[in-house]
Structures are given as C-alpha cells and as structure tokens.
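You will see two complexes here that share chain A, one where it goes with chain B and one where it goes with chain C.
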Partner chain A sequence: MATEPLQSTAERTTERLRSVLHNLKGYAGITEDQNNLMGFAFIAPNILVFSLFLLGPVLFAFYVSFQEWSILAGAGEWTGIGNYVDVLEPLPISYVDGSLQWRPEVFMDPSTSLWWYSLKNTFVYAIGTVPLQIFGGLAVALMLDKRVRLKKAYRAAYFMPVMLSGAASAVMWRWFLAGDGVINGILPTFLEHNWAGDPGTALGGVMLMAIWGGIGSNMIFFLAGLQNIPEELYEAARIDGASRWHRFRHVTWPSLGNTNFFVFVMAIISAFQVFGIALVFSQGGPVYATTTTVLLIYQRAFEEGAFGEGAAMAFLLFLLIFAFSYYQYRYREETEVDY
Partner chain B sequence: MTDDSRNNGSTRRRVIAGLGAVGAAGVLAGCTSGGGGGQNDNSETSGDDSGGGQSTTEGTPTPVSADLTLSGWAANNEESALLDELVSNFNDENDGITVEYNAIQSKYKQKLRTQLGAGNAPDVFYVDSGYFSSFADADVLLPLDDLAAADSFNTDDFFQPLLDAFRHDGTLYGIPKDFSTLGLFHNTAMFEEADVGVPETWSELSDALSALDANVSNENFKAPMIEYANGRAWWAFLYQNGGQVLSDDGSEAVFASDSGVEALEFLVGLKEDGLLAVPSDLGSGWHGAALASGEVATAVLGPWGLPFLEGYENNPDINENVDIAHLPTPSDGERATIAYTVSYSASANTSSAAGSKELIRSLTSDEGMAQWARKGLALSARKSHSELDYYDEHPRRRTLLEAGEWSHPFSFGPNSEAIANRIRPQLEAAMLGEKSPSDALSTAQEKINSEVL
Partner chain C sequence: MARSDYEYPGYERSGVSYWSKTTILYLLVTAGALWMTLPFWWTLTTSLSASPTAATVSFIPAEFTFQNFITLWERPDILLVRWFLNTMLFAGAVTAFNLTFDSLAGYALAKVDFWGREKIFLGFISTMMIPGMVTLIPVYLLLVELGWVNTYQGLIAPLVAQPLGIFLLRQHFKSLPSALGDAAKIDGCNEFQTFYKVYLPLAKPALATLGIFTFMGAWNNFQWPLIIANGAEMYTLPIALFAVRNQYFAEWGLMMAAALIIVAPVIVAFLAAQNYFIQGMSLSGMKG
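Right after this comes the complex of A and B.
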C-alpha cells in the first residue's frame, strides 16, 4: 500500500521528463525518428571548444559570483547572494511608508552606488550611440549604393575606423578633444573647452568616437542588405508611380528587416559591453564620468581582485542584455512580414 | 609515504643535497596542512634552513641544484638585455642552478596572479609594493627573513622604508629591486628668467609658480606646473603635512584629516589660480613630455622622466635645463615623498627555496644592484650606492635617491588597489572643482571604511 503512491510519483516523473524531452526536441526542430548523429558529429569540434573555453568559464564565473573568491588561493568562501546584494544596494526603488518610491538620485551620485551610476552611464551611452550608429550607417550605405564618383574610396574611408584598433582610436580622440586639441582649433574661441578633461563632456567624447566607428561597420551590413533587395520590387514600385520616399518606405525599409534586426541587436549588445575605448580614453574618469558597467567589472575583478563581486556584476549585466535581446527577438517575430 | 619521501624528496623536488631530512619534514608539514600544503612545505623547509639545520645560507655555499624561472616585466629592451646578462652570469657562477628569464610583456599583475593561483608561477618574480600585501596575505610568497639576516647581505644598507614595504605581519617576503621617488623637476632656464629660486616650502612654491606665470616668455609655455587631474602629488603632501592614509594598525582610513584636507586645498588652490594645468589642458599627455616641450616649468615627477628628457631629440638643450630638487614642504612640515618600489620575491611553491633565495641574493647584492641601478631607469635601493661614481655623473638621480630616506612606499595593505581606486576619483573631483577638498576626501574615506576595510 505504502509503495503505491511512490510508484506513481516515479511514473509521473518519468512521464514529465519524456514530455520535456519531447518539447526540447520540438524546439530544436528534431522529429522523433530523425537520425542526428551525423549532424552532431559535424558540430562536435565547435561544441567542444565552445564548452571548454566559453561555457565552462561562464559557469565557473556563475559559481564564483556566490563566493568571496581569492584567485591567489584558488578558493573562496560562500557568501550566498551577498555579492549581488552588495552590488545592487541601495536599490533605486525602495519601499518607504507603505509605498514604493523611485529614487533617481541613486543613479546620479557615484558615491551612493557605483553600480547604478555605471549603469546610467552605459544607458546614456547606448541611447546616444545606437540610433546614430544605425541610421548613420544606413544613410551612408544608401548614398554609397548609388552611382557616385569615387564610391569605393568613400566606402573605404567610412570603413577605416572599423579597422583601427579601439585603443588607437581612443588615444587619437583624446588628442582631438583635449584642451589644446584639434577640435578646439576648429571651434570658435567662445566654444573652446577641455572636452576630454571635463566630467560633463568626457562621456560625450567616448560616444562620439563610438558613433564614428559604428557608422562604418553598420554601413557594410546595410550595403550587403541593399544588394539583396530584388530590383523587380523597385521596378514594380516605379510602375505603380511610387515616389522616391515611398520606394524607401515600402520597399527598401521592409526588405532590410533582417539586416535591421541584426544590426540593432549587435549595436545594443556592444553598447552594453563598451569597455576598451572608455578605458583608454579616460580610464573611467574624470570623476567616474566614463565608468561604464564593464569598466567597473574590470576594475573590481582584475585591478582590485574582488572576483566574486565582479562576477556578480557580470551576471547582472548578462541578464540585462539577455532581456533586451529576447524582447527584441519576440517583437520581431510578431511584426515579421513575408513577401 | 614519509619513508619514501625521505629518500626521494630530493630528486622529486630537484632541491636539496644536504637537506634530505628537512625535505621530509617539509612533506610532513604538507600532509598535515591538507590542500594548502603544496604552498607551505617549501617555506617550512626554508624555516629549518635558517634555524641552523645541516646547512645555512651563510658561509660556504651549499651545493644546490635547481631549474628556476625568473619573471618580470620589461620596461625597455636595454633593461631586459641587462637582466639577461645578469642571469647568464649567475648561471655561470652557480653550477647546480639554471635560471631562465621569461619576461611577461603585458598585464603583468593579472598574469602573475593567475599563475600563482594555478600553482604554476615562476620561481622568482617582481612584485610591486602596490599589490605586494595582497600576495603576502594569501601566503603565496616565500619568507626571506633568513636571506636578509645573513651578515654578508647587509640589509642595514637598504633604505628601511623600502624594506618595510615588503614586510607583512613582521615577515619579509621581498627584497627591493629598485625604487623611484617623486621630486620637483624644474626648468632652470625658466626659473632664471622669472628670477625665482628653487622653492623649499609650499608658499615658496606657489610664489615661484606665480612669478613663472608672469615672466616666462617661451612660446610653448602654457602653465607653470603640470599635475595629473587625480592629483598624484597629494599623496606626498599628505605625509609632509603629518597625515596618513591608514591608521597605524591599518584598520581604518584616516586621510580625510585636517592634514589631508589642507594638502589637497593647497594643490586645488594652485589649480584654481591657474598655476597648474592637467594633461588634458595641454598638448602633452604626461609630465615628461610637458617639461621637454617647454609647456610647463615644473612637475612632480620620478626618475622615469629622466631617460625621456635625456633622449628628447626635438630640443636636446632641454635636458641640461631641467634640474631636480626635493619636494617643497609645508613650513612647519616634514620631508616626505612617495616611493614606488618593486621587489624580487619567490613563490612559496618554488621548486627550490634555496636556489630561489640564492638568485635573489645575487640580484640584490651590492654588485648586482649597482649594475641594475646604472641603467638609470630606477634607483638603487641600497643607501651606500649614493657614493657610486654613477651618481656623481647623475646628480639628479642622486637627489631622488636621497629622498629614499624619508619616502613612504605607495602601499596600503592587502587592499591597496581598492583603496587607491576609491581615493583617486575623489581627488579628481576636487581638482576639477566638482567637490570641495574636504567633501571629496570624506566621501572616499567613508567609502573605504564601509566597503573595503
């Protein structure tokens, strides 16, 4: 009698496992009778390297994020969610007098919480750079997709920043934007300013650099996308009397859907991960003005040796990027148009 | 296992000859202390070594056989060539020991730390005083007290602040390889033009800078003095004014004291009066370049600025015009400067404690250190070397060397980097006028006391 419920529990578990497996196969596009051995064999080398050098370290970092980890001792002490609490406190939303209160000052003062401040810097950076990188790239691609004299030279010129190392561009832009720099040489005297050395404008300098670099790389993707739009669509539109704007709005733009999606997701991800140019341009300064989230992670983990806290920050950032990418993906699925 | 290791310990560790019994004791210690044993057993060995076991590091050298690796960063090609030469001389003179020099080219601290954690660190390596304590605190370094105790080594000759920088809980884990202090670099031609003498006090300094500002005619001249936006000179001014970064027992940050605030107010005052420019105001990114190009007349800088001035081809005269004085002090203050120093230390996991110590002894001995110092990038950590002919020919370096006596190493215990990372942006906030000096320092102090210590 006593074993009966146990048995049925076991059966139910097995049943549930089967259905999960079935669903998983469904997600992966595998039908029950399919023989996937060959496929797995082909991707095995990649999976192996990926697991060893990417997935492994990522899982390990997750483990480290719950510890006070000493890399010198190669061991740590469990702190539970202590690192996450340390990073997130004080929360920008707090429960005071029976109601939730929004505390924007948490984002504004680096001495209150460097995490939220760096996140604010990163958002400002993303909002300021992503649209300009994308629409700038698209505009340049549209211009250089036509018959233009010296088209190739222009394309090469716009692509040049992409080929430069981030560190080299950062050093260059620091010179441009210094008190004694080229930019001030061009500007009228009353606008002259130490752009790189002022906490109010330094992040703008980093953003300018990112836009300058981002336009070139997005241009390449948009150029490739434009080549893929069948000429017949334009022809048909012209016959229907569509104006230039209408041709762009109803032919070019929807046909670039895939490119847009790719470029947008990549731009968001790389904006959230901005690190190298901020490090070289200003080491996160002046006064934390260019301390982005990844730069803060680097300082905590690799400069100060607080690997647990650094790992916790890295996972919080991952969650954020994941959420953005996921919703972008879902949104696209809903709005996708097939021709 | 104990019996086996009594016989095999020597070959297994490649150490020994004459340390057999001690080796076994080391292995025993390793067994009892579990996981950390690998790191401890050699230090146990060395402990017995100095305790007058069968051999000592003094007197007739014990035949040691070992294959060692030595790592450091290479500041320049000349320096790594010299280290190669020193190592090859060492190999010739020491029959049983073979040393291989492997420079780590970039991200030295990060790589070394990873290697130490993974247990495959070099045997002997450079350790900067800035992160020394975090290494010593994690028990990854070999104690070197017995090496220092040897009469022939003469540790009294070392500048004591530098030696102290490599002590942790009373144990010495590193011998200073060299050091750099900050001094007052100044352009004598500009000082003459402005008719001012070398300032010895803070008020003389601000007077001199005002005079320079008014009178220097050099067309490149932009400001009397350069300092980083994060006010590096403040650290020296703090000590001069009787302040400290941490309390004596290291448990509390105390730099936001009146002395600290006053020191920062002095520096910020110079900036507000337009007497001091930060690199982003100028065309030059650092002090050496700003001095060389004539953009500024003064800078608080270390000996690493000298090779740049000596080799500055755009204006070869500049080198003769730049002299170095000790930092000006408050009128009732004390002499003090910051020292940046680097040690030779050995891994607690070294394959041969005796061999590693022998290598460190050789590199930091009277002669080894003198050869190194003659390269001129950093200063000899031995006081008696101020008598070297080399320093007769390089009086500017002698000035910086003398300051070793009253120097304070840039090191604040196991959390040095976290502490410096929280202070610097606040100094910057004060220098750039975003916060008052006392606000800035209190914020940093509060952060450090609540988050770090």
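Right after this comes the complex of A and C.
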C-alpha cells in the first residue's frame, strides 16, 4: 500500500521519458518537411550569393570567352574560338616540314606573344618562390617547435608580413629595392644595382617580396601540423637509435604528409594567380619583366576593354591550375602513407 | 610540442656541443626574425624623414619629422579620412554579412537534417576551387548591367559569403552536442531560436576568429576594389595607396607614410589579439 504512489511516480516518469524519446526521434515533433524547409531557409542566402557571384559567372565567363564583348552594348559578337586563337598564337610548338618543332623563343620575347611571355614569368615566379616559402616556413616551424625562449615574440615577428596588404608591401619593397633605396645602402658598392628598374632583376624583386610575405603563413601551418605528430613515434625512433636527421626523415616528414600537400597546392595556386604585388611594384614593367598572367588578363580586360580575350585567358589559366591540382591529388593518393 | 633531445638520458643540457647548437639555433631564428621585421622599421624611419636616403633611414634614423604625414593630410587630392571610412565600411560590412550567412549555413549543414545536406555541403566546398580571376570579368560585367560599379553595394555584395567560413563554422557546430538543441526544442524553441539562443552564443570564439580573419582579408583586399572602385571618393586604402604611388612616385617619405597608415591598424590589432590571428590562419589550413 505504501509503495503504490512510489510505483506510480516511477511509471509516470517512465511514460514521460518514453514520450520525450519518441518526440526526439522526430526532432521534438518537428517533421521532415519542416526540417527541409528550415534547412533550405538557412542556406538560402549562400545559395543565392554563390550562384550569383560564383557559379553563374563561371558559365557566363565561358560564354564571354567566345565573344568580342562590348561593354557599352552589354553584349558580344560571336567569334567562335577566335579569342583563344589570338591568345595562343604563335604556338611554342610548330609544324614545319612534316615534323614538330620546339620554339622556345616564343617564351622569351614579349613582342612575339605576351601570353607565353607572361606564362614564362609566372612559372619563373612560382618555381622561385614556392619552394623557398615552403621550406623556409618548415625550417622556422622546426626551430620554433623546440624550447625557444621568447617563442611568442619570434612567432609574431615571422607572422607580421603575412598581415600586410600586398599593395603596402609592394610599395615598401619598391623603395627598398630602388636605385637609391635602403638595400643598396647596405650592400657593398660593387653590388649596388637598380634592382626594381632593371628588366633582368625586377621579377626577382617581386619574388623576394613574396618569399618574405609567404614564410609566416606556412610556418603557422607547419607548427599546427607538428603539434599533431604523436610523441610516441619520436620515443620509438629514439629507442631504435635514430639520429636527429633520421627522426626528421622517417617520422616528422612523412607525418606532415597532409600539411605538405595542402601547403604545396595552396602555394602553387596562389603563385599562378599572382597579380596585385606585381602591379603595384612595377606595373608589369619594366619591358613586361613583371607581367604575370593574371596581370595580363587584368590589363587586357580592364585597361583595354578586351573582355572576351581576357575571359579566354582566364579559362586557359584555370585549366592549367585545375590540371595541376588534379595531378597533385592523384599523385598524393598513390603515395599516401598512413600511420 | 616535440620534446627536445636534452630531456632524455644520455643527453646533457651542458657541454660545448649543447651550447654551440643552441647558439646557432638562436642566431638563425634571430636573423630570420630581423629579416621579417626590418622592413617595418625602414618604413617607419622613411616616413619620418623629410628627404629619405639609404644612409638616413636604414638603421638609426638621422631625421625626425612628421612633415610627410602633415603633407598627406593637407593635399586636397588625398582623401585620407574618406578612404579610411570607406575601408572600415567595406571590411565591416563584408565581415558582418559573412558571419551572418556563414553561421546560418554552417549551423544548418551541421545540425538540421534536411534533404541533400551532404551533397549541398560538398557543392559549397568545391566552389573553393574556382580561382578568383575567372569570376572577376563576369561579375564585373554583371555589376555594370546593374549599375553598381563605383558603389558601396558593388564593393560589398560579391564578397558577402565565403565557403571557407561555412566550412569552419560547420565543423564548430558539429563539435557541439546535439542534446542541447533537443532540450531547447522540447522547451518549445523553433529551429531559428535554437540556433540563435543556444548554439550561436557557444560559437563566439569561432566567430571571433573567423571575424578577425575576414576583416583582415577585406581590409587588405586589392583585386576586387581595384576593379569596382573607379572614383577617388570610393577608394579603399590599398587602392588609394596604389593611386598615391602612381601620383607621387619616388616621393618615398610620403609613400611610406601612406603605407604605414594602412599597416598600423592591422599591426596594432594583431599585437592585441595575436592568438585569434594565428588561430584563424591555422584553421584556414585545416581544410587541407
């Protein structure tokens, strides 16, 4: 008799729990339709923005690349692959007397073809900056991962250039590398040179600035990657008598696989799109020495109004970047190591 | 953090080898740090010099004058205040829109069980593959049709959402327990209230990181304002600096003063909230 109210309380609680659980299954009485409605309401602004400013424009750019576009009329005249032909000719490979001939001079002379010349500049820039940005960032991360005093201050120092606007750093380096600039003031007299004004060294100046600005962000990526390597791997390697180099080669390096892949792909993609620093540093000059591909696209489209040709160039570069990323991705799948 | 060799038996924190290695390490790190920071020093000393030459500014400045800043302030073609306000408005609006749209989408993609969710998420993420310069021309042509060239809405609209932000916030919302939302719904919250009252306050650290990162990106953005802001009254600071560079080329003191005005707020903000900046950077690397 005395236990009965207790029992009914327990029963009531169970009943309540059951109804709560039942409701939970359907998200507290919210139906599937309501979920669909809410879900799409939440992502609607993004769908609108992405289709208006990303996906739609890609299709539109493809369309424009086959047109002679007039900004005043807001319409174009169909020219087929004319824009692509104009951009790509003369080809660096030509068919003469029944055999293919390699014509490297196409890359070397801006008056022959600005497209191939700018592509050469872009490749020189990428090859010169990407490895130094990456290995510089890795070296700094490895040094700062140790017990270094004032670690936070060092990290801040290396990160400072990363936060700089490309326009600001280009203006700064233009002065440092000018004929009467700071760098020449430090260098011994026989090395003094008008670095920014000489077509032979201007691109090198842009690259120096890019390396300076790129090490810090890679350092951060590598520091994060190094934190994720389990300490046991190093312990095991030490017990096996692995030297410092062997521990780096067989533990640190393979464990950084994901970081390496990400950092490398990002660095290459942004190197292929280098634009602002080259424009502000020297406006593509002197004598097209710093005209990179995106800078050429900008000048063709927005300075000369040749939007169709600009769009064609943009697509060709897109194709190049895509092919590279895809190749990297496949290569990585083949060589991936799992621990 | 990897433990150093010296914490293991057989290695001593003393002896010639230890000290020489430590010295070399510090020399290298310090030399690198100097290379990273000297340009900022040179910019400062040049901006404070009336007639900068390599000799007067490189290490210990020989002159000290605010003349360059006064000149920048007084030249009628340099609209310093307007450009500063433009940049604040542009970066502020871009950040506010991004945080709103990205957190809405990030929440829905993490916590609302709706049709095609994973596929839509993949679609969003793959838009990160589209290089900016492909969309530059068509978006510009679109804004020409809309009559938005050289307007604030033209500056801001194409940048109001970014896949990276959605990705980061989705990860964050996913890491929060679903039981919180279930409890809120049993108490009678609808989906929006659950998002706004329960989950959003818990995402404050992630929002702060993303916000600072987005603000910095917009503050420094060069490509888009260059194309869309044609008139001096619409310039943001990086574009204004480019214009000043073309106008007053080789007046290095003046140009470094202008550069410093863009750089200083970011550096001050960074030194005040270093961890947010660095976290934002390393988070943006996590998508790899």
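Here is the rule we use: the second predicted complex is superposed on the first by the 291 of 339 C-alpha atoms of A that agree within 3 Å, B and C clash if a C-alpha of one lies under 4 Å from a C-alpha of the other, contacts with A are read in each partner's own complex, and residues count from 1 in each chain.
Please note the rule applied: a residue touches a chain if its C-beta (ideal position, glycine included) is under 8 Å from a C-beta of that chain, and two chains touch if they have at least 3 such contacts.
Since this is a predicted model, take the numbers as computed values, not measurements.
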### Task
Look at where chain B and chain C land on chain A after superposing the complexes, then choose clash or fit.
clash
### Message
With both complexes superposed on chain A, which partner does A:178 reach: first (chain B), second (chain C), both or neither?
### Response
both
### Task
Please work out whether A:324 is in contact with chain B alone, chain C alone, both, or neither, and reply first, second, both or neither.
neither
### Message
Let me test your reading of the model: by the given contact rule, A:248 touches which partner, first (chain B), second (chain C), both or neither?
### Response
neither
### Query
Which partner, once the models are overlaid, touches more of chain A's residues, chain C or chain B?
C
### Task
With the two complexes superposed on chain A, say which partner A:70 touches: chain B (first), chain C (second), both, or neither.
first
### Task
With the two complexes superposed on chain A, say which partner A:217 touches: chain B (first), chain C (second), both, or neither.
second
### Task
Name the contact category of A:197: first (chain B only), second (chain C only), both, or neither.
first
### Message
With both complexes superposed on chain A, which partner does A:302 reach: first (chain B), second (chain C), both or neither?
### Response
both
### Message
With both complexes superposed on chain A, which partner does A:110 reach: first (chain B), second (chain C), both or neither?
### Response
first
### Task
Applying the touch criterion given at the start, work out whether A:123 contacts chain B, chain C, both or neither, answering first, second, both or neither.
neither
### Query
Just which bits of chain A does chain B share with chain C as contact spots?
71, 74, 174-175, 178, 180-181, 302
### Query
Within the complex, which stretch of chain B touches chain A?
35-36, 110, 113-114, 116-119, 134-135, 138-140, 222, 229-230, 278-283, 285, 415, 417-418, 421, 424-426, 428-429, 432, 434, 443, 447
#### Entry: Interface residues, chain A side, partner chain C - complex
20, 23-24, 27-30, 34-36, 38-40, 42-43, 45-46, 49-50, 52-58, 60-61, 64, 69, 71, 74, 136, 140, 143-148, 152, 154-169, 171-176, 178, 180-186, 212, 215-217, 220-221, 223-224, 226-227, 229, 231, 234, 238, 244, 258-259, 261-263, 265-266, 269, 272-273, 275-276, 279-280, 294, 297-298, 301-302, 307, 310-311, 314-315, 317-318, 321-322, 325
### Query
Of all residues in chain A, which touch chain B in the complex?
70-75, 110-111, 174-175, 178-181, 194, 196-199, 284-288, 299, 302-306
#### Entry: Footprint of chain A on chain C - complex, ascending
1-5, 8, 25-26, 28-29, 32-33, 35-37, 39-40, 42-43, 46, 53-55, 57-58, 100-102, 104-105, 107-109, 112-115, 117, 120, 124, 127, 129-142, 144-145, 157-158, 160-161, 163, 166, 182, 185-186, 191-192, 195, 216, 219-220, 222-223, 226-227, 237-239, 241-242, 245, 250, 252, 255-256, 258-259, 262-263, 266-267, 270-271, 274, 277-278, 281-282, 285-288
